[in-house]
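Two complexes come next, and they have one chain in common, chain A, joined by chain B in the first and chain C in the second.
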Partner chain A sequence: MAIRNKPVDVVIVGLGWTGAILAIELAKAGLEVLALERGEDQDTVPDWAYPKVVDEIAQSARNGLLQNLSKTTVTLRHDQADRALPYRQIGSFKPGTGVGGAGIHWSGVHSRVMPEELRLKSHVTERYGRKFIPEGMQLQDWGITYDELEPHFDRFEYVCGTSGKAGNIGGVKSPGGNPFEAARSREFPLPPLKDPPTSVLFAKATRELGYNPYSLPAANASQPYRNPYGCDIGPCNFCGFCSDYGCINYSKASPQTTILPALRQMKNFSYKTNAHVVRVNTASDGKTATGVTYIDGQGREVEQPAGMVVLAAFHLHNVRLMLSSKIGKPYDPKTGEGVIGRNFCYQVLNSINTFFDKSTYINPFMGSGGVGQAIDDFNADNFDHGPHGFIGGGVIWGRQTGAGPVRGIPLPKGAPKWGSSWKQAVKDNYLHTGRIEAQMSNMAYRGAFLDLDPTYRDAYGEPLLRMTLDWQDNDLRMSEFFGDKLNAIAKAMGATSASGRIIKRGDHWDTRAYQSTHINGGTSMGADPKTSAVNKYLQSWDVPNLFVLGANVFTHGICYNPTGLVGALAYWAAANIRDTYLKSPGPMVRT
Partner chain B sequence: MSKDTDRRAFLKGSVLLPALGAAACSPPATHQDDLAASAPAAATPAAADYKPAFFTPAEWAFVQAACARLIPNDANGPGALELGVPQFIDRQMGTPYGAAAAWYMQGPFFEGKPEFGYQSQLTPKQQYRLGIRAIDAWCAKTHGKVLADLDAKTQDDVLKQVEAGKVKSDDLPLDVFFTAFLLKNVMEGYFGDPMYGGNRDMAAWKMIGHPGARADFLEWVDKPAAYPYGPVDLHGRQA
Partner chain C sequence: MKRAALLVLALLVAAGAAVAVTGRSLPDPKVSPAIATRTPDPRHGAYVAVLGDCAACHSVPGSPDLAGGLALPTPAGPVWSSNITPDKVHGIGVYSFTDFARLMRQGVRPNGERVLPAMPYTAYAKVSDEDLHDLYAYLMQAVPAAPTANHADGVLWFARWPIGLWNKAFHDDSRFAADPAKGASWNRGAYLVQGLAHCGTCHTPRGPAFQEKALDGRSDLFLSGARLDGASPINLRGNTADGLGRWSADDIAELLASGRSAHSAVVGQMGEVVAHSTQFMTDADRGAIAAYLKSLSPAPESGRATFAATAASLDAVMSGKQTDPGALRFMNSCSACHRLNGDGAGRALPSLAGNPTVLAQHPDTLIAVILKGARMPSTAAAPSPMAMPPFGWRYDDREVAEVASYVRQSWGNGAPSVSAGQVRAVRRALGLATPGR
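Coming up: the complex of A and B.
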């Protein structure tokens, strides 16, 4: 017999970014909130205190903060006809574990979304015509507008203490900011961070090329800051151990720096660690969630009854929990019907290393996860796609995130990988190498989806989530377009040469080298229950007391980094639960 | 800031930590226990009289010979052997990494497209055990001696052939062993913190101009010039 805990008003699965946001907002609404986190408790001190955490072997080479794949992982394949194989080692994406989730070891690039991306199908059809959408591409509108979300983007930026410069306040262009920016209601909470050498060169070169460089918004604080929850954030010192690492300085926004200190003081909030949720339980009508079942640190099965369930377990786990709890109709790629697993996407990233002569110091060991200069001239639909014949866009940036030698020293094409001449090459290049990247959208396709693997199981006996995904012609042509732009910018920056990865036609999704942890879709949001798993309030269409957060609600892979939108959607959902749902629990959208 | 005050402030954390005001949710005061828990692991830098715990004498000779060729001692600075990299690798075999503790190691195991990464059931320890045995056997068959007993030029030639997948074994793909284990671990040991047994006296960091664990560049990040200070390691030693 399973152990049965005392019921709570709300149980939240996962205590990372979205879990922390929902926990504090629903606790403030007076509900008794319990968060269940599968990993350990952790905090700035002692876990990320200087000097312990600035250890490349422990954090980068041995993935100190990442999900332990021996416990659970996913399987991967390119095509429905293939046998899927397990993701046995960390490669192209890095899910987190423990309190804070991937909100600990993320980088901090903090963008919003371009408004037209939220109504992509309508927008593309209006501007380019229906025929512009290739066969097999599954475009959808998101069922929500940018204007509805604006206050919540703003809220999340002010919680994070985000550094940046507005380009458009209330529709009025603001000099010095990104001229393509969607209207924001006010200036960023903090001014931009100082520019490291890569970003200075990138801004100069792109300006000369006629583009419009701007300071990338960064959730790495440029100044001391106190957020609306009363949490103190310290200025980032460009320590260079940011992505992959917990912040030594209370500078990178994370649940620990921005929410948990206030949340932990609330008497109606509690959390349990080492609580791995395996199922959302439903009543016999199939329409009401009764709570969740988890495996505790001693391996015991525990039932946690709750009046409301929030899935905040990161993309992969949110989708898998929906599938293994049999909530919502699983997607079938053969018929195109069903919603759970539909529209699985993964942001496309091109990354090149730029090599300079010895008089140009980049000092790549300095840097911060979110700092950089970027251009939006080719983002979303900021340029005419007609002549290019592809759908999608991207942001191009010159970031300097911090790089140490264990993380790999990039070398010019043709350089040896070992021996005396390799040694000469690392000595000559290390201090003089920068990196520029294009991060692009990824469209949804009928054949790219998530389901449960028929063969492989995790340490809890549950089937692994199976990913079926490969790059399609539209996205590959887009990637080549961005590859050309990157090479031209590298040249204009004065790089003597460039090497790296540009995804081209003929290439396939490669899960070995790090790409990004920006995986999207699987439980899309939308206005139509036939093509979406949750409504615009992130409420399950099938089980109205279940809310599903995370980038899994995206209907395609957006151009910008996901967390600004993921966080805004979390605040939006929380506000609507508080103001509407609690007053009259039940479906918030009637069909 | 002089080098000395920079350093002192750095170690005390006074340039690192924000002022902890009286706000409702300032981070809690640090307890002694927390401070102890935030210390880095014990430092045991490369020792001259090190005895391998995992490798057999024959394997140890192979690892030392391979280190000496992969990162040779030359005019640019000491090589992997001089900096203790064989010790780093031997010690890593005794960590959870050596046993692949954080990898998904459940079957069934199938070979797949390279894009799907490592699909073998061999742990790092098994990779070394089988990989060294196979390469040494091939050397003995082809050159009459194990790798460690060959001259440097022949060793380089053998390693290049292994890297290119030209040396075959029934036990494991040797090119994978070479790239994903041997060379990867050699690089980690050469450039990692000295407390793990390699990078003796931070010599690899000095060679390339990496400041190690300094981790504070607020006043330097916007200056595209040579950074003036040498490295510090995780135990606060300077070089």
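Coming up: the complex of A and C.
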């Protein structure tokens, strides 16, 4: 017999970035808001207190901040003909858990989106013709424009205290910034972080090659800052423990540093931890969410009635909840019909280590998650794709994020692999090693999707989410193109050698090696309910009092890191719920 | 304040048995006859309760508001704050206004029993008839009666009698007298600081009988910094190093509103004062307090710290010439936030250079912060409860003394060294273990 809690106006599943944004914005609108977080509560002190948190074994090797895969995980396969197997160890991607979610262990790269990516099908068709789109690629427009989202990108950057330099304010190019960026309404809240050695070399080399380097926007504060909620942020000290770690000194934007202190003061907001939501409940008409059911810390099943449900968990969990709650039509790769699980994508990343002579000090022990110089010359459609015959693009950067022995010390090709000669090679190279990377968009394909695994269930008895994904010819040729660019830049930087991972034709998705946590799609947004799970306001087409947030609403991959777009979409959804939905509950887009 | 005034009690327990019992006739609280026909304003009374920070001692989490029950440990055993809701059995429901005024001004209950000076009637005596009348109306009319029983004080009952003698010696039962030579804001600030806000309870040094050495602005020892409960509340007078001499009135008002300013952040019990009282004051009242504090002359400089900003400390570190083990530990454990130049960062990470808590005559608060960490209050103006982690588990007494000494003597700070013995005493008072090696 399930326990039944007192009804609330809004129940939010997950208290990471999107959950915190929706919670504070809807609580400010006067609603009684309850957030259910599956993990533990956590905060800067005591959980990330110096010096205990800067423990590479606990955090990077043993994944202290990540989802416990022994409780629930996903299964993986490359192709529909394969049998999927569980993801038993953290490898390619890193789902977070606990209050703050992946907003705790992210790096801090805080970009927007290139406008044409939000209408890529139309854009490609207009510029290159319909035949340029290869068979099997499911390009779609997102049903939303950059201009609609701009105030919300701005809002999220001012909440985070993002460091950067504008390249385009209101359509006027601003010197020193990224000349390719879409117009922003004003300057960044904070100036760029200081460039570490890798970024200095990268900027010089790319400028000499005729490209346009700019300071990558970083949600790692360059100065002390007080955000619009009144929350205080301290400046980054380049300790080099961002990705995989909670920030020790309030510098990396997270729900804890930017939103939760103000949210906790609100009497109409509350949250529960160790509350693992297993189902969105719907009324008998199937068109109204009545709340959620969760398993509490003692293993009891609890029903939480609510007038509105917001899915704000990590990508994987949001998609699985839609499937297990039977909301929306599951995607069928054979017919191409159905929307839940459709257009599952995963950013492609090429990464090479650059080795320099002993007179060039990189000092990789220092760094910051988002600091770096980048070029957008090959981002989105900033270059003519005609001669290259692929769709998509990428951002190339020279970041310096901090490197330590447990995280791995790369050595040039041919260096000894063990013993005292390996130690000597480490000694010779460590201070002179940098890294440059290309992060590329991944298009949506008919055969890449998410569904419920028929074999494996988790500790709660629920079927695991199954991923079916592999690199396609379009992506692999794009990756090779970017590999050539990386090697040319490494040479121009003066590297004596460069080696690393460049994904090439014939390669498959390697689920064991860390790539990025930028998985997306599965509950796409769009203008057509036949090809999207939610409308442009992130409202379920099928259940109008259910809103679905996160990178799972991406229609296909983008070039930039997803967090900026995820945050902006959350503010966009919150603003429209507040200004439109609450006044007249029901479908916000009629078809 | 909560515990320290009870040290008075410890003293009196020792002396009590030998002291003659004083008379038990009820003293006259000298309420103006005009009050009899005045209509009190309970809404203003609620604000008076905020100004007086009644909730700090009389409300505890998990119990009804103002129902008492805060344990105040003393060497002779715990005493407890009392139920001040209008419950007729356990609270103050049967008090007349005269009874209430007598308690607030002279510390005497209707049955003649004396309350302990942990209840700061020595300051509340300054409060006007009108404010007390409104406060009484608020407590009686707006606070729900809670039938929460008071804790028995146990062994301490006999110690209450000698307080009458102590009162005769030290208690000044006179109302605040405005200074016509000063403006309204200054007088309002003086009235609040000396009275309802009872700043002197913690910030004024105490004499041999644990009496505050000054209760108003006539002595330059008033609010000149103190030492109690393993802490060292700072000097609020105009001294440039350990006082507020380099602060503007706006800096003081900002700290009272948000718990932080460009110079410092509040720690320890002052965090609770900001969280429960000063953040809810009006801007005008915070401004008045700031204006009054800024008018206080420096306390006698003898034995106090100096401050003259210098780049020499940073230069010594950056040139690699600094060999002080305290400096090494500072770089290792402190500089990520407080920076090598000791400046911290804005309101987020407190500056240590010229910080009165660092430069206080007694380093107890500084030591306590290093040992157990600290957390700023979450206020409406600045919701982030920025926290410093503890280091008492990492560093032994000598090591803490070295880093505290480095902090007290760098970037222009000129305060005496801290000894391992001083750290040991604070560690013991806080009940913290020494790190095992």
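The criterion applied here is as follows: the second predicted complex is superposed on the first by the 591 of 591 C-alpha atoms of A that agree within 3 Å, B and C clash if a C-alpha of one lies under 4 Å from a C-alpha of the other, contacts with A are read in each partner's own complex, and residues count from 1 in each chain.
Convention: a residue touches a chain if its C-beta (ideal position, glycine included) is under 8 Å from a C-beta of that chain, and two chains touch if they have at least 3 such contacts.
Model, not experiment: these values are computed from the prediction.
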Exercise for the section: Would you sort A:Pro405 into first (chain B), second (chain C), both or neither based on which partner it touches? Expected result: first
Practice task
Determine, under the contact definition given at the top, whether A:Arg83 touches first (chain B), second (chain C), both, or neither.
Solution key: first
Practice task
For A:Met467, select first, second, both or neither according to whether it touches chain B, chain C, the two together, or no partner.
Solution key: neither
Exercise for the section: On the superposed three-chain arrangement, identify whether chain B or chain C touches more chain A residues. Expected result: B
Exercise for the section: Return first, second, both or neither, reflecting whether A:Ile12 touches chain B, chain C, both chains, or no partner chain. Expected result: neither
Exercise for the section: State whether A:Leu321 touches chain B only (first), chain C only (second), both chains, or neither. Expected result: neither
Problem - Set intersection of chain A contacts, chain C complex versus chain B complex - result: 43-46, 49-51, 224, 226, 229-235, 237, 239, 248-250, 261-262, 264-265
Practice task
Write out the stretch or stretches of chain C touching chain A in their complex.
Solution key: 260, 332-333, 336-337, 339, 345-349, 373, 375, 378, 380-390, 394
Completion exercise
In the complex, chain A touches chain C at residues 43-46, 49-51, 223-226, 229-235, 237, 239, 248-250, 257, 261-262, 264-265
Exercise for the section: Under the touch definition given earlier, write down the residues of chain B that touch chain A in their complex. Expected result: 13, 15-21, 23-28, 30, 33-40, 69-72, 74, 76-77, 95, 97, 100-106, 108, 110, 112-119, 156, 159, 163, 183, 186-188, 191-193, 196, 204-205, 207-211, 213, 215-218, 220-222, 224-227, 234-236
Completion exercise
In the complex, chain A touches chain B at residues 43-47, 49-52, 54-57, 61-63, 66, 68-70, 73, 76-78, 83, 85-89, 91, 194-197, 200, 224, 226, 229-241, 248-251, 261-262, 264-265, 360-363, 365-367, 404-406, 408-409, 417-420, 422-424, 426-427, 430-431, 455-457, 508-512
